[in-house]
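Two complexes follow with subunit A in common, the first pairing it with subunit B and the second with subunit C.
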Partner chain A sequence: MNITILEGALTTAQVMLTVAMALALFRMIHGPRAQDRVLGLDTLYVNSMLMLLTLGISSGRTLYFEAALIIGLLGFVATVALAKFLMRGEVIE
Partner chain B sequence: MPEYLLLLLLVLPFAGSLAIASLLRTAARTLPSWLAGGVALLATILTASYYPSVTNGKVVRYEIAWLPELGLNFTLRLDGFAWLFTMLVTAIGFLVVLYARYYMSAEDPIPRFFSFLLAFMGAMLGVVLSGNIILLSIFWELTSIFSFLLIGYWYHNANARDGARMALTITGIGGFCLLVGFLLIGHIVGSYDLDRVLASGDIIREHPLYLPALVLILIGALTKSAQFPFHFWLPNAMAAPTPVSAYLHSATMVKAGVFLLVRLWPALSGTFEWFWLVGFAGISTLLLGAYFAIFQRDLKGLLAYSTISHLGLITTLLSLGSPLAAVAAIFHMVNHATFKASLFMAAGIIDHETGTRDMQKLSGLFRYLPYTASLAMVACAAMAGVPLLNGFLSKEMFFAEAVETHADSILDQALPYIATLAGAFSVAYSIRFIHTVFFGPPPTDLPKPHPHEPPRWMRFPVESLVFACLIVGIVPGLSIGPFLHTAVLSVLGPETPYYSLAVWHGFNLPLVMSIVAMLGGAALYFALHNYLARCEDGPPIFRHLRGQRIFERILVTVSWKWARWLETNIGTRRLQPQLRIVAVVAFLAAFLPLHLSGFDAKLPPVRGVDPAFVMLWIIGMLSALAAAFLAKYHRFAALLLIGGSGIVTCVTFAWLSAPDLAITQLLVEIVTTVLLLLGLRWLPKRLDKIDESATFSARLRRLRDFAIAVACGVGMSILAYTVMTLPVPDTIANFFLERAYSEGGGRNVVNVILVDFRGFDTMGEIAVLGIVALTVFALLRRFRPATESIGLPEQQRIQNAYDDAQPERNKGDTVRDYLFVPSVVMQWLFPVVITFAIYLFMRGHDLPGGGFAAGITMAIAFLLQYLAGGTRWAEDRLRILPLRWIAFGLLIAAATGAGSWFFGYPFLTSHSQYLTLPLIGKVPTASALLFDLGVFSLVVGATVLILIAIAHQSIRTYRVKAAPKTEDA
Partner chain C sequence: MNEAFNLPFWAEIVVSAFVLLGASLALIGTIGLARLPTFFERLHAPTLGTSWGTGAMVMASMIFFTVTSGRPVFHEILIGIFVTVTTPVTLMLLAQSTLHRERAEGNPDVPASISKTPAADSDPKEA
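Right, the complex of A and B next:
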């Protein structure tokens, strides 16, 4: 019984996460401002991290958490670089 | 004698060359010559002591497996003929070193000379000793290269540079043809082994590919031996120092061509094609060379043309295809080497003492150099073929063969007359050499007015060689006889004919021809005497037909005019057509074979797929499509969208149970985004208005490109899908899965494959990575951005203007304020990320991670600091030396690999065990971990080097702005 609930919850979560990713993608494509696009990518990263977590839970292996850890720890680097590019016109001065 | 000493014989000159090369920066003058002399003498003794092992047709073989799968073995092979030639190379080499010791002047860089000379000796020994034809062609190329370096030794002299380049071009083309010819022979025979090739003469001659192979090999041999019509490089090579001319361009290297003809004589000769091709080249060279030699003003020019003519004589003999002629050819090779080397040395002495080689200036030198003059006269007489000297014997044999009928044709019937005429010419130029230089009134306007005899030991090499001429000429049977017989036996085997080396054969036709040649030559010289004293350089009429000019004209036409024409007519510098062609060709290359072989793209139905996964892929595809769509006018958005499809790829990897790939790909994704952003700074800004008024043809073009893109994309997807859904047979994957832990000591199969099973590949890959990083760095040092992107970006200008306008603010305050919180976070993250990198590294052997992932993580850690504070801030606080990281990585990887040699295992054999450390617990310590450390270090270095090189562009100042030039760090 518990397993069924868990599986159902995981599937629902995954589908909803993909919906969130699709919405983020819409922002990335549509804009309108460049800043919206960057935020869209950041959201996409966060959603992917959560997706990896659900994968980890459903497979029962902790290895997936490490991939999630990398997004959590380093995923923001791309966002920072993009933001700095927008603000200053170049990434490293 | 043990056969492995052959290897020593071959390695010795190269080792000596390297040892002398280490003295390049020093002013050492005596040590290099002693070293070179010692090596040459040792090689001579070694060769001499091999003699008992090669008599009676015995062969010494030494073989090391090199690439046995390809039939390539490092085979050394010494038979009687090779022995004779080796002796020639080493002994004359020793004499030349001795001579050069006194010849080279104080200003010349001595170590460079001897280093090249010894290396050449090694290459020449390689040609002679190779028992594998591919190996032979490698050494053949080496002799061309060292000849180039030696001709161009005085590179401040334009003639030397031109001569060197021409010699390299001609012999290099020949060497290439030779290699192709050898490959054909290898194809015909089925082996590259020389013994097999020599034993398969009948198969080769019957084969339809015989003619192409023969022509290619002959081009190789004839270019090397300066045969007509490739002869013109040799006179130009006379710009080399005289010891080089004596050694390379008379005694050894130019003999390599005829050596090869003799070597392959059993395999290739005896056909009609052989007779015509070799005979035509040989006879025309013999005659033209001798004729041209008469009219040279330069002493060395005369000797060069005479060398060409004598090589032509040998070639002619070989063309006849009779065993007796082959004996004469081998005999004449030795004789020519002795008298011509001594004549070159004598010419060098004259040049050294008087400062000129112009025969119209030289005169009456006998009174100053009586001893050298006597030696030169004997050598010249040998060259002219005067009885009781060695040249006479082989010339008589040549005349005897010329009279015989071999292949009934005009060429063969004319041969006796041509031979006599060439003999007369050679008598004429020999008399000219002696008469003009040593007799007549004392010279008047010499650059060095007081010539005198050279030092004792400078004369010694000439003396020894002239002595050899005399001995061989007077008692041939007792001196050269047995050695010649050994050599002949090894080439001809059972076909060895009866021949006599006696000085007196009775009054026969060859003797009459000799007498006619002698008298005719003398008469010719005295008829031309007055003309020669005043004439221009070069033979009449022919002097206008300069081989050098024709050669340069051809070179310019081929490498400049034709290339230009091709480039303007079928080339384009526009990127789009190039890409279009690449895409279309790639599509056709995949489509045509599949279509012809009846490939049926039946896609298996897709079922049982997770809806979330499908959604995920749709997102990824949309992202990629949008990126492609926006790439033209909105690079920034396209970059973001590429990041989006990248992250979907990573999740897909994880979903399909490849977390290790996902981790690596994620890290790469992050670095790539930053890298592309760094590059984006230097691209022109987006156009404000996009021109929508596309013409009809432009629309058509876009439609076509779209069609190509769709075709390529769909085709690729179908191919990939088909391949991936094929039922997997028992592949190599299972092998790795089973052995990873038992033999590699790790549970992360990918990592074990990378650092252990395929460690050698990884080694190559990291080396390539290092090279790429260095190349990027080097290219960016000379990077000149477009003028519109040199200035500060618009945003910075506005922010700086705002800072400047406010009295209480300093320039750069805005960015500092904005980044205040993020930069603190990023600085504090530095140790955290490093710890994470170490964590990834340490457990890489058993679980996802490893050197590569850790390296990129480490690079991201550095990158963050640059992002947080800017280049100057980061470099004030961190000393990152990417080049050292790269060097350290490569060294440690190579050292780990080599380390297994100490334990008697092959390169890169891994050893593994677990080590228990306090607090941390069990730690895997395979030696592969050390190798992985190398990978880690290299990846950090390479990534950081590239990122920094781009980042540094924005703190450079450019000359365009008329600012003082500063080079980036």
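Right, the complex of A and C next:
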């Protein structure tokens, strides 16, 4: 009985995060301008990081924590580089 | 998968509530990202997921691993601190570059640069 509560919550959270990732992907593909696409990519990174945390809880292993940390780091670097590129036209001056 | 789940009932309830809270905040923020009309409104929506969505999910993970492993596990708080620190930096950079692009294109909807307006105001006073 207790198992089904947490499993149900984790499955529901994974479905919600999948829908959120699909919406972020829609904004990334459909977005009218480049900054919308960058924002969609940033949201996609954050949602996939939350998805990895959910997977880590459901598998009971701490391996997924490191993957989530790396995805968060890569998302930060990617968004900063893309925003810098949009502003200046080059990343490293 | 099942042997990790022998944790007490209150922990199940608390972890499930935090996981559902984090996932729903992330979903609401992303719905806002997909549906709001202009870019500067869209910029605010995903912060719902990055602030308390991530916070609730990190808290659920911390409670789960603390209860299951029988010792305090706090390393997930690194993710929370990192996301909290970096999200304003990235989004303000993105907003600045968007404002720069809109001004360079001469879009009348965005406010003009603040460095130009005092000079334009001070010229008639001096003349």
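One rule holds for everything that comes next: the second predicted complex is superposed on the first by the 92 of 93 C-alpha atoms of A that agree within 3 Å, B and C clash if a C-alpha of one lies under 4 Å from a C-alpha of the other, contacts with A are read in each partner's own complex, and residues count from 1 in each chain.
The criterion applied here is as follows: a contact is a pair of C-beta atoms (placed from the backbone, for glycine too) under 8 Å apart; a residue touches a chain by one contact, two chains touch by 3 or more.
Just so you know, these numbers come straight off a predicted model, no measurement behind them.
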Task: Using the touch definition from the top, say if A:20 reaches subunit B (first), subunit C (second), both or neither.
output: second
Task: Mind working out whether A:48 is in touch with subunit B, subunit C, both or neither, as first, second, both or neither?
output: first
Message: Let me test your reading of the model: by the given contact rule, A:39 touches which partner, first (subunit B), second (subunit C), both or neither?
response: second
Query: Touch check for A:67: first (subunit B), second (subunit C), both, or neither?
result: first
Message: A:29 in the overlay: touching subunit B, subunit C, both, or neither? Say first, second, both or neither.
response: first
Task: Could you look at A:84 and tell me whether it touches subunit B, subunit C, both or neither (first, second, both, neither)?
output: both
- prompt: Between subunit B (first) and subunit C (second), which, if any, makes contact with A:6: first, second, both or neither?
  reply: second
Task: Find the residues of subunit A that appear in the contact set with subunit B and again in the contact set with subunit C.
output: 14, 17, 19, 21, 38, 40, 59, 69, 73, 80, 84, 86-87
Task: Enumerate the contact residues on subunit C facing subunit A in the complex.
output: 1-5, 9, 12-13, 15-17, 19-20, 22-24, 26-27, 29-31, 33-34, 39, 42-43, 46, 49-50, 53-54, 57-58, 60-61, 64-65, 68, 73, 75-76, 78-79, 82-83, 86, 89-91, 93-94, 96-98, 100-101
Message: Quick check: in the complex, which residue numbers of subunit B touch subunit A?
response: 610-612, 615-616, 618-619, 622-623, 626, 630, 636-637, 640-641, 643-644, 647-648, 650-651, 654-655, 657, 659, 662-663, 666-667, 669-670, 673-674, 677-678, 680-681, 792-796, 799, 815, 818-819, 822, 826, 829, 832-833, 836, 847-848, 857, 860, 863-864, 866-867, 870-871, 947, 951, 954-955
- request: Using the touch rule from the top, collect the residues of subunit A that touch subunit B in their complex.
  value: 11, 14-15, 17-19, 21-22, 25, 28-29, 31, 34, 37-38, 40-41, 44-45, 48, 51-52, 55, 59, 61, 63-64, 66-67, 69-71, 73-75, 77-78, 80-82, 84-93
Message: Give the list of subunit A residues in touch with subunit C in this complex.
response: 2-3, 5-10, 12-14, 16-17, 19-21, 23-24, 26-27, 33, 35-36, 38-40, 42-43, 46-47, 49-50, 53-54, 56-60, 62, 65, 68-69, 72-73, 76, 79-80, 83-84, 86-87
